[in-house]
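Next come two complexes, and both contain subunit A; in the first it sits with subunit B, in the second with subunit C.
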Partner chain A sequence: MLKYIVRRLLLIIPIVLIVSILVFLVIKMIPGDPITIMFGKNANAEQIAYVKTLYGLDKPLTEQYFTWAGNLLRGDWGSSIQSGEPVFQMIMERMPRTIALCFCGILVALVISIPTGVACARRHNSMLDLSLTIMNLTFISIPGFWLGMIFMLIFSVKLRLLPTSGYVSAQESLTGWMQCMILPTITTAATFFASLSRLMRSSMLEVLQQDYISLARIKGNTNGRVYYIHALRNSLIPLVTNIGLTMGYLMGGVVVIEKVFAYPGLGLLLINSITQRDYPLIQGILLIFAIIIVVINLLTDLAYMLIDPKIRFGYKKT
Partner chain B sequence: MRKETLKRLCSLILCLVLAIGTVLTTGCAKTAPAENATEPETAAEAPTEPTDDTITVAIDTEPTHLALSVSPDYITVWVTKNINDFLVQYDPEMKLQFSVAKRIDRIDDKTYEFEIRPGVLFHNGREVKADDVKFSLDYIMDPNNGSSTASYFTSLDRVEVTGDYTGVIYLKEPYAPFVSRLSMVPIIPKECADTLKTSPVGCGPFKFKAWNKDQDIELVRFDDYWKEGYPKAAGLTFKFIKEYNTMHNAFLAGEVDILLWSSFTDIAIWDGTEGVHPQATNLFDSFILVYNTQVEPFNNPLVRKAIALALNKQELIDLTSQGYGKVLDQPVYPGTYFYNDAASYTQDIEAAKALLAQAGYPDGFTCSLKVPNTVQEGGCGDVIQAQLKKIGIDCQLEKMEVSVFIDAVWTKKNFEMCVTGDGSEGEPDTWLSRWIKTGAGNNVGSYSNPELDALIAQGAAASTDEARKEAYDKAFLLMRDEQPITFLFGGYLYSALQDNVQGLQGYANWWFDFDGVYKTK
Partner chain C sequence: MEQNICLRVNNLQTSFYTDRGVIHSVRGVSFDVRKGEMLGIVGESGCGKSVTAFSILNQVKHPGKIDSGEVIFHGKDLLKLSESEMRKLRGSSMSMIFQEPLTALNPSFSIGWQIAEAYRIQGEKDKAVIRERTIDILRRVKLPEPELRMKEYPYQFSGGMRQRALIALALACKPELVFADEPTTALDVTVQAEILDLIESLQAEMNMSVVLISHNLNLIGERCGRVLVFYAGKIIEEAETAELFKHPAHPYTVGLFGSLLSIHQDGKADPKTMPGEVPNMLDDIRSCSFAPRCPYAETRCFEREPELVPVGPGHYYSCHRPLKGGAK
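Moving on to the complex of A and B:
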């Protein structure tokens, strides 16, 4: 297992390398440049040329890439062209907020999707199953940003229970932090709890057809024990796979949700940096996103082993 | 039985959806737009003493830095003007008034003597001296500081300090609008110049407190501000909400006291919503049609004049700005001192067709029109495209993201016609020396006319208003026939305020004063 983990960790290197090249090329292909944006209509040719030289933007693309990659290997992520702040520091300030949002979103989604999925499977084709299926399909069909706006209109504008936007750190005020987190978390969870619930339902139904479930029933186990002890664990494997895959979509999703709720995380920073064509910042954030997704996929694979002994023992044999 | 239950369930869901829809739509009920945005009827008298209230202002963009000396873009100005003070400032009628300066005397065409008020303090407790005025001007002129304000001070030669509170400013050449340009120079303390961009220190009504990146900037009242009784509020918080709809909702939810920039499409909503009101600020800005005068057929003044005559500017205002705007045909507004009635013109399709024929294009031609993809400028593109069809000009419209547009027009000069906009403080030289003069920074159409350049120089150098007007009258007449750029229309800046918030003062150059803002009980 350790060998497997090391092998997977080593795989991160070529993946990050390929991602960094792609990110670099894609960014450079976007029309417009940061210096023109920085000076806007007040730009003059001398100022533009001076700042371009300052940031090495006048050099050939390959040279720019190798300079950036070389600095990165030495731990220098560069500085933001617009604000002059170190990119790594800017990312690290915001990353915990984005991770907290994703984590809370997944947690809420799992808390809703697992019981609803199990309930649908238990009462297959019942009114409950039908109602929850309709609810799930409704949420699958609604875009996250729209849902966020609707939640905002109901809970903030109409009922004035929660803030529309912004962020308060937990150290400053735990209650304030929780209030700020509720709407973005629910919106994040709502964008994918429905698909997880559907998956949980079908997975559970499949597992319930297995012989060992019949055996468990014959042995006199209660329904609750059969569902939650014998069936649930095996039904979770596709769910775990899906969570791993969903993380990629989730990272994209939080970008939109952070913008809607003015939540100062990596997503909002990414949008701002793209608007301002802040190359070092865009590159840094996308690289971090790529690393996060690769690590999550690794953790997903490791989670399989914990859930399913067959997989764990299979690796031991090799 | 099951079908019956399913029907009931579906009805229930439908009712729920309709109920939510009703709740939401009644919250945003529209009424007919008001002709003029006004103060609420229950305006209370301003408090004579400072209050304990903090005013929260929402804007959709965060400044990249807080050094007003470096860039006077409107976002930086909105936040940092509160921290800074100036030798002179405009009053609501856009007339210059002394602020930190006690007097500024014109010794001759190239020499000004100034005296500052004694007892004006910086936020660090040190008294403002004439040396700080010199440092503030030198800071702007230092190329290492990359200040875009420097372009307004090309006539400045040097500043000499003659006493604690007095100094002399020498110009390289006579420049009549020089004193008005001093309204753009914040007075900064030398010892705090290094932290200007992140934690500025000034001598304005509010002190910088904190900048929470991607969230807000907090300012607090400067108790030792020289202007007695100001500022009224205990603090100002600028909240940055990039998504306009969220900003709109935050205002409706009462989390924000002032929505500094509101879309004109929301004016009807503010008018029809209890507890809030819109406020309009007249702007001296203009949307303009710019021609690349280096390419055919726009190198021909007859073609440019034909296009100007073909445009129905009121229709442009009606279709792009819901009727909120003022028709413009020269760089200054009708009714202001330098406006030349003789240089105004109106739509005349027949005359436009005749000019096109005279220019050798009786059947018109095909060309490109680049516009940024904003509501108003983008909308102008659609309307201009339709209007020019009437004289046979087929415009291929290209709507572009703002930064791509700036890159194409400003950096690459890759355009034939484009729509853009700019503002001024009502001083004719601001437009003329930035957009029309040969080689000017914003003369993206590369227009050059020595006769016009001479008139611009004459207007800028003349020592009396009468002599200046004489030069500008001639310049505007020449511009009417040459159309180096075509002025389309000017507009208003709309803000929205909670009804208990009073005293916000907007200016025609996009600046705002918050020192008089207070909340009624």
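Moving on to the complex of A and C:
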């Protein structure tokens, strides 16, 4: 078990290596550079050249890469060209916020999709099933950022219940934090609870056809126990797979949602750093995203072990 | 109801409402199960044997539905009971041994947990007692090392052991009546006899009635006192096993005997196959359902469906042109 986790964590090394090279090359292919953006259009060539040498941007690409990668190995993620702040510190300040948003989003999505999926499977082909299906398909078809703006329009602008955007830290004011978390969380959840609910429904329907469900009923279990104890655990496996797979997609979605709500997480930082061509910052953030996704995949596999005894004990024996 | 009757089924009808039309799986079946007996139900696949059992337990799967009939157990019609009343009665009195043990055991819970659950539902709260009883029932079905194996999961068991666990699970409910739906079909021939011996000895020990469902007439003949022969969702012949084997009256039953492989045939006579196929259950059958395949069919067989009528004590058949004295 421990061996397995360590082996999986070691996988991060080659992945980070490949991602770092790709990220590095792609960024340099985007036209424009941070120095020109910093000075504006009428900067003189000498100044630009001077600053470029300062940041090492005049050196060949391979040399730039190895300098950056070498520093990274020593724990130095470089500094932002724009603000001069250390990249690692900037990331660490914002990462918890993005993780919190993703986590709350998934939690809300699960809280909605599991019961609705079970309800649909329980009374499938009923009016309830049909209306939930229509609702789900509607949400699947709506892009997250648009939904975010609509929520903002309704709850913040019209009803004035919640702040339109911005962020209050939880240490400052817990209620303030919760208020500014609500809309981004719901928007994040809305982008994928519907597909989870559909998946839950179909997976549950399949499980309900199994003999062990009949047997559970014959034993005298109540309906609630049949659905939530005997059937749920077996129908969760495809759901966990799907959450693991959509995580990368979710991270992409969160970037846009953070922008819509001006939520100061990694996503917003990434968008700003890209517009300013802040190379060290972009590289650092993308690298962190890659690591987060690898870790999430590991967590997904560990979640399987909790659910499926076959996997749990399979590893114990080897 | 007479003293020695455990379950009475009256005119049970179950259909499946599919997109292609209504499949009439069970078309009016009536029979009794006596206390302490082993009743055999024999017939080809798709003739409604299993659906009958599932209907009695009220476990017909979607899109199936029980259309009409009565299932009288303990003086009550089970089909008229509410979900919770049914649950109380069923949990303690009727149970089922499934055909495919791998799909009948929940893969996510240990064998011990699944058996212990049955005791918990019966109202036992003391954990030590539950554990003791679980071990005891596993020992009774001759599962080796029950204390250790009860912690394992279904995938860690071999086919035969799974079937034993499943029997333990069915018996943990302390049933008066157990349906055994092809309990040995998924098993090796060598294990089959062991499992059937086990069911037989436990039946005597716990004084239960067993309904053994199988397509194997030999197996039914060896184990059961009485036999119901199913064809196209109906009982076409009912008799004591000895009587049925000596004097089969319905041409279909005779055909079943003809298709049996016997070691005593010295390899001279090949087993006869019955021509034709089981009728399409989507059709509304008005004639004798066996007529298209029957070598003795007459005009009236295609015009009117025969009723189940007695030929002798406890021997019934539904045929316009029965074979008397066993034309085997």
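What we mean here is this: the second predicted complex is superposed on the first by the 318 of 318 C-alpha atoms of A that agree within 3 Å, B and C clash if a C-alpha of one lies under 4 Å from a C-alpha of the other, contacts with A are read in each partner's own complex, and residues count from 1 in each chain.
Here, a residue touches a chain if its C-beta (ideal position, glycine included) is under 8 Å from a C-beta of that chain, and two chains touch if they have at least 3 such contacts.
It should be emphasised that the depicted structure is a prediction, and the values quoted were computed from it without experimental measurement.
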Touching partner for A:N272 - first (subunit B), second (subunit C), both, neither: first
Which superposed partner A:L281 touches (first subunit B, second subunit C, both, neither): neither
First, second, both or neither for A:H230, with subunit B first and subunit C second: second
Dominant toucher of subunit A (residue count), subunit B or subunit C: B
Which superposed partner A:V157 touches (first subunit B, second subunit C, both, neither): first
Contacts of A:L130 with subunit B and subunit C, given as first, second, both or neither: first
Partner chain(s) touched by A:I112 [first = subunit B, second = subunit C, both, neither]: neither
Which of subunit B and subunit C A:R217 touches, first, second, both or neither: second
Residue ranges of subunit A in contact with subunit C within the complex: 124, 209-212, 214-223, 230, 233-234, 307-310, 313
Touching residues (chain side subunit C, partner subunit A) in the complex: 54, 57, 59, 61-62, 83, 87-88, 90-92, 94-96, 98-100, 103-110, 117-118, 121-122, 153, 155-156, 169, 173
For the subunit B and subunit A complex, residues of the former touching the latter: 2, 5-6, 9, 13, 20, 23-24, 27, 62, 64-65, 71, 73, 146, 148, 151, 197, 212-216, 239-243, 245-246, 249-250, 252-255, 401, 403-404, 406-408, 410-411, 420, 422, 441-442
Subunit B partner contacts - residues on subunit A that touch it in the complex: 31-33, 36-44, 47-48, 50-51, 82-84, 90, 93-94, 127, 130-131, 134, 149-150, 152-154, 156-158, 160, 163-167, 259-262, 264, 268-269, 271-272, 275-277
